[in-house]
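In what follows, chain A forms one complex with chain B and a second complex with chain C.
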Partner chain A sequence: MKLITAIIKPHQIDAVKEALEAYGISGMTVSEASGYGRQRGHSEVYRGAEYTVDFVPKLRLEVLVDDMDASSVADVILKAAQTGRIGDGKIWTVPVEDVVRVRTGERGSEAI
Partner chain B sequence: MSPTLLPLAAEPAIDASATAFVLICASLVLLMTPGLALFYGGMTRAKSVLNMMMMSFGAMGVVGVVYVLWGYSMSFGGSNIGGIIGNPFENFGLKGVVGDAEGATLDANGTAIIDVFGADVWIPEILFVGFQLTFAIITVALISGAIADRAKFSTWLVFAGLWVTLAYFPVAHMVWGGGLLSGSEDGIAAMLFGATDGAANVLPIDFAGGTVVHINAGIAGLVLALIVGKRLGFGKSAMRPHNVPLVMLGAGLLWFGWFGFNAGSELAADGLSALVWVNTTVATCAAILGWLVVEKLRDGHATSVGAASGVVAGLVAITPACGALSPVGSIILGLVAGALAALAVGLKFKFGYDDSLDVVGVHLVAGLWGTVGAGLLATEGGLFYGDGINQTVVQIVIALASLIFSAVVTAIIGLALKYTLGWRISDDDEVAGIDQAEHAESGYDLVSRGGRLGTTSSPALSHDARHHDELTPEGVKA
Partner chain C sequence: MCPIGTASASELSQWGTKSHEGQWASASELSQWGTKSHEGQWASASELSQWGTKSHEGQWASASELSQWGTKSHEGQWASASELSQWGTKSHEGQWASASELSQWGTKSHEGQWASASELSQWGTKSDEGSDRMTDVTDVAARRLDLAGTRAFETAGSGPERRLRLAEFNREWLTGIWQEATKGSNVEGVALAAVGSVGRGDAGPLSDYDLVLLHYGRTLSADEITRLADRIWYPIWDAGVRLDHSVRTVNQCRAVAADDLTAAVGLLDISAVAGDAEVVAAARATVSHDWRANARKRLPQLTEAMSVRHHRHGDLAQSIEPELKEAHGGLRDMTVLNALAEAWLADRPRGEVDAAYGTLLDVRDAVHVVTGRGRDRLGREDHDAVAALLGYDDPDDLLADVSDAGRAIAYAIDGTVRRAAQSQRARVLRVGPRRPQMRPLGFGLFESDGEVVLGSGRLLDSDPHLPLRAAVLAARANLPIAPVTLENLATKCADLPTPWTPLARGLFSDLLAAGPGLVTVWEGLDQQGIIERWLPEWVAVRSRPQRNAVHRHTVDRHLIETVVHATGLLRGVGRADLLLLAALLHDIGKVPGAHDHSVAGAPIAEAILRRLGHSDADVATVVALVREHLTLIELATRRDHSDPRTIDAAIAAVDGDRDRFELLVALTEADAVAAGPKAWTDWRAALLNQFAAAVRERLSPSTPAAGEAEPSLVPDDLVSTLASGEPYVAVVPNGGSYRIDIADRDRLGLFADTAGLLAAEGLVVRTAVLRTVDGIAVNEWHVESPSDAEPERDRIVRGLMRLASGDRAPLGRLDRRRQFAGRPSGQSTIGTPGQPRALVVPGASQEATVIEVRAQDRPGLLHELGMAFAKAGVSVRSAHIATYAGQTLDTFYVTDFSGRPLDPAKVAQVVGVVIDACDRST
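Coming up: the complex of A and B.
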């Protein structure tokens, strides 16, 4: 099993969710995140005083998948999240030792 | 603006329209203080929003009570002491205004009534008390913006009671109660340009409180910011507004309430109060534009906080002048006020004083401009209308006199509190957020932080903590 984590632009989330549903992914976890990469922050001005905001708001999307689905799911996310402009985010995949469904106690692939 | 209590020959009666109007206006002015709490609260960081708002609500508590006990007597009621202050004991607890109103003018039902401007428009005197009470509250609350995020709440409440007594009531008495800064024959204006029939030849213009409210609170904010000292990290870390929509909502409520403040100060529903309404509106509209133009040219963007601040700057500037200007004159006054205040808010970084929410830049600067500008732009007596410089001189003198008086009194109170109760919360509390330290609350519960009823020393907690420790080694992530 693999855990795919994607940091994406917040307004791309609907497109990504629809693409994943179309592929057959039945669940995901989304959390608000902030940070910077090459995009860096931006500046804001309040009553003439300028502030640099370093952390840019992003969404962090996590999906658990079977090994064989991993690279195609990453591609699905990539296509849906890509705008071609700076700040589109990153996707990475890591191996997962075990997964348990809390309601039933099922383990492994059954629990995904 | 001095109260005239002379009974007329015919038995005076309450003017119902004026009474209804002032009742509504007093309620509008009272709404300004919660509006100010939103305006200020949105501009602070999220960790101190409640303390900022509580400084306004705390001022409501203290000042409202004090006003009825001795405030009215010191401002308008008691006999004049040296042109500076009324006798606090003469109408203590509104003695002589309600109940057995000895010495007051009574209507047929025995209600004490007052005709403040001698225009034969009588309202219940207790209503005048209520209307003026709301002015005292907002003036004290305005000061709090200068010392955001760092002042002990208890010290602030003590300051509110002392300052309103020693600074606000005297200035209100001097300007509106027939004292030194009024148009009475004993006032400064009469000393400068003479008096005829018991009134100064050049009457000072302060319709609704440019000196009493805005210069007074503005300079007090500056003095207090210097005494209390800078916030930790001032000028280094980002202290940006945490909730700009709250700022906009607060500015809107202030504007709405300000109609009661300005138009209500006529104390009658008549042609002048209607002119004041329009002047108040257009000066504010123009001030938004003035502020935004400066921002666009200087910073490249017209901002929401700038528009909200422009609203307040315009309202402040038109406050003393609203009864003396034409609508076009009001537009000029407002435009300049917005631009001046937008430039003035940068001064604190230049001079290194932490007037956190720009009480100086907005209220002091726009208040001074409005008071002096009234001398330039008044349709009767104004310099720009070819009536000479006398009115402007009088305006500058009353502005400076109230400024110096308030600065000295504020410094004495502020320093006395600094070396007795102390002003600052601990550095740790300030970094963690004053809301937690002073009020044991937080403004927002966006993410559940767990927890249960009761104190942190409850046995349940230690049990849970132990349980948690037992689980962790087994690889269950918290």
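Coming up: the complex of A and C.
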């Protein structure tokens, strides 16, 4: 099993969600995140004062999938989240040792 | 109100407990302590002779300290405490933990479910399987729950009977334990007594036991009494009942009560359970006597502790997840109320309050039954089940009843505390004849004993603005209006005309701008039905719960909170009054059956604003703000900021109007901050700010708030008056305020002199239009008179003539006029406007430089602005002065001596001195 984590622009969440649902992914975890990448944040002018935004608001999306689905799910997210502009985010995949569904106690692939 | 994941407080300097995001860390201190954590789930600690604090599955913590003790509740879950050199054990969720004392202790964990402990020389380990214990746990809890009689809840009057049965059971069960424990010992002069809810006999099905082993210190030695205590406490712990316990002599009770207020209030309810009733009666009498003797001294302490508790747990009446015990208007307030009555400090209100107390007890019982836990918080997830158990068809009706009960108790406790404080002062000041201490607030209103009251001889029916005036003064001073005064205002004052007068509108925005003091005053007005007369639409949202994870208040309270938060954002917008009205009305559409409350609210808001007599343009702006109040946050968090269509959508929402956009940004922020910590995270704030900046780039800068006053013809009679060397002055009463027309030959400093003279006469300027025509200044001032005296025309004429001749004496009284200064109440960072601003509006006029000033209004401000212009050698050609909601928004058209616009260097200098003038003495 793999854990796919994607950092995306907040407004892309609906597109990503729809694409994942279409692919057959039934669950995901979304949280608010802030950070920066190569572009190192950017400057803003707010109420007349310029200030540097170090941490840009993003959404962090986590999906657990079977090994065989991992790369295609990452592709689905990529296609849906891509705008081609600075700050589109990142996607990464890490192996997962075990998964347990709390309600039933099912383990492994059953629990996904 | 505390945010989610609050910290519970520690007392004295001894110990502390911290909560962290719903998970817990606990700590004890003194000189030795230890903490073990097990599977990340719990930690226990002991220490030399004290100990304290267990946390378990992120749900609770307990603490003890030297000789004081306290009980904290936390998010509807709980913390209990042990005291002195005894120790305690907590059980929770049918799982449990116990602890030991003195120098030996031990902790065992078993499958993460429980921990047991040993003590001094005797100790035992609880069964590994926990099965026999668990049976006991289930038994006592189940028997108590069973007695609560799940079927009888919906029957009217079943509550007292249920609590009586529970009290009997508690007594019998504890008596059994006592008899077992005292078998074969001489226990003369020793008794088991209960305090708290068990002592009062109104304990819920799963309420804690709060027990005291009382003795005279004669019959049994210290060792014997300790062993007896163990024989009593252990069976109770083993039965899984949460217990707060202590062993005391009568004298120790007295000492503890003298030191610790919470303990003192608790001990007033002490009642005998088993053993020698005489010792309990002696303790009761002693504590009660001391309480009466010292209550006056302790009242400030009591009030302080109460307000800290209220602050932490919020208002019961206006919470979505009411904390039935600790909140303002909760069960504990009734205990305090009884303690005040017991001290003979104040009469105890009856009737409605007792019924309200009964309602809350019934709901508390039902919460225990539904959750199977001894919690006192009516959580969102339990609304439906508790409502069903109590026989409500709609959970909203349950919340409405809880809200009404909370209101009744809060009103009673607040009034009683004030009465108690007054009786205390009355006693201190009894030298010579007693007269009420009255501090004048203006308009015939006074502060007396921490309340706003009407002065004698004030004719109530003559002035329909009086309730508004009283409300403004009270809210600014952060004082409640006295109940009697409120009642008089409600019953005797005439209704405001429809549409409202300009003065009423102005006062209403002043009230909204008053700051945190608004909350109490609004509640008082609402209790007396005055709000309903002003805004009949308010009834639909009053005490209305909202099922939404981000909200923590009922709709009405959320609206008021939004207004208070908006007062911190006033300086960023052009029309403070419109922002406040939009804040007050933005959720007015949250009525039963409304599909989209923003859309539903727009016509309701429009009807209100028309009744208030606002102009078409202002109505359109506020209605648009109400309709679009969720648009910006939606666009900012869910749409692509770099997509021009997203920006277009935002611009369309405000009709391309820059001023309206700034109002919407401020409303969005105030709404989110007021809703609760989940609605306004840094994350959301960053997105909104980013988006607002992107939209601003596309919006043109705002136009000046008012165009240059158009010259009008100067009447002939005026010219002839002026030719005689006298200024022309006319005073016209105008529905509670006055219009003063002043015309004079223009001269440098005329504006400063006129503004200063009006301020020195004690008049407050609402609006003014100043024009200069052919060397004659024609000014129209709209003023109010806080002293109720009509402005005297002749005095103004004489004053202006003396000032024209260089005599500054008429301005002498200016300084003394500052007592009517209207400042927002409270010191919180929320609801306090920022820095004053002076901006040059480029390209607004060919003939003059246009300077816009925004600042907090105060007596004499216009005079100082005028002086600043005069000293800079700048003449004021025309001006629009307007005070919206305590903020002055003035537009000045100024020229140099030769009548031309100022050069850039001069502009910079003038802006500097103007800002200095606004800053001065604030």
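Basically, the second predicted complex is superposed on the first by the 106 of 112 C-alpha atoms of A that agree within 3 Å, B and C clash if a C-alpha of one lies under 4 Å from a C-alpha of the other, contacts with A are read in each partner's own complex, and residues count from 1 in each chain.
Keep in mind that, in the parts below, contacts are C-beta pairs under 8 Å (C-beta built on N, C-alpha and C of every residue); 3 or more make two chains touch, one makes a residue touch a chain.
Everything numeric in this text was worked out from a predicted model, so none of it was measured.
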Partner chain in contact with A:F55 - chain B first, chain C second, else both or neither: second
Of chain C and chain B, partner touching more chain A residues: C
Touched partner set for A:T83, first chain B, second chain C, both or neither: second
Contacts of A:H11 with chain B and chain C, given as first, second, both or neither: second
Chain B versus chain C as contact partner of A:S34, first or second or both or neither: second
Set of chain A residues, in rising order, touched by both chain B and chain C: 44-47, 53
Residues of chain B defined as touching chain A within the complex: 238, 240-241, 295, 298-301, 303, 305-306, 309, 342, 345-346, 349, 358, 361
Residues of chain A defined as touching chain B within the complex: 44-53
Chain C - residues contacting chain A, complex: 572, 637-642, 646, 681-684, 686-687, 689-690, 692-693, 696
Chain A residues within the chain C interface of the complex: 9-14, 32-34, 44-47, 53, 55-57, 83, 85
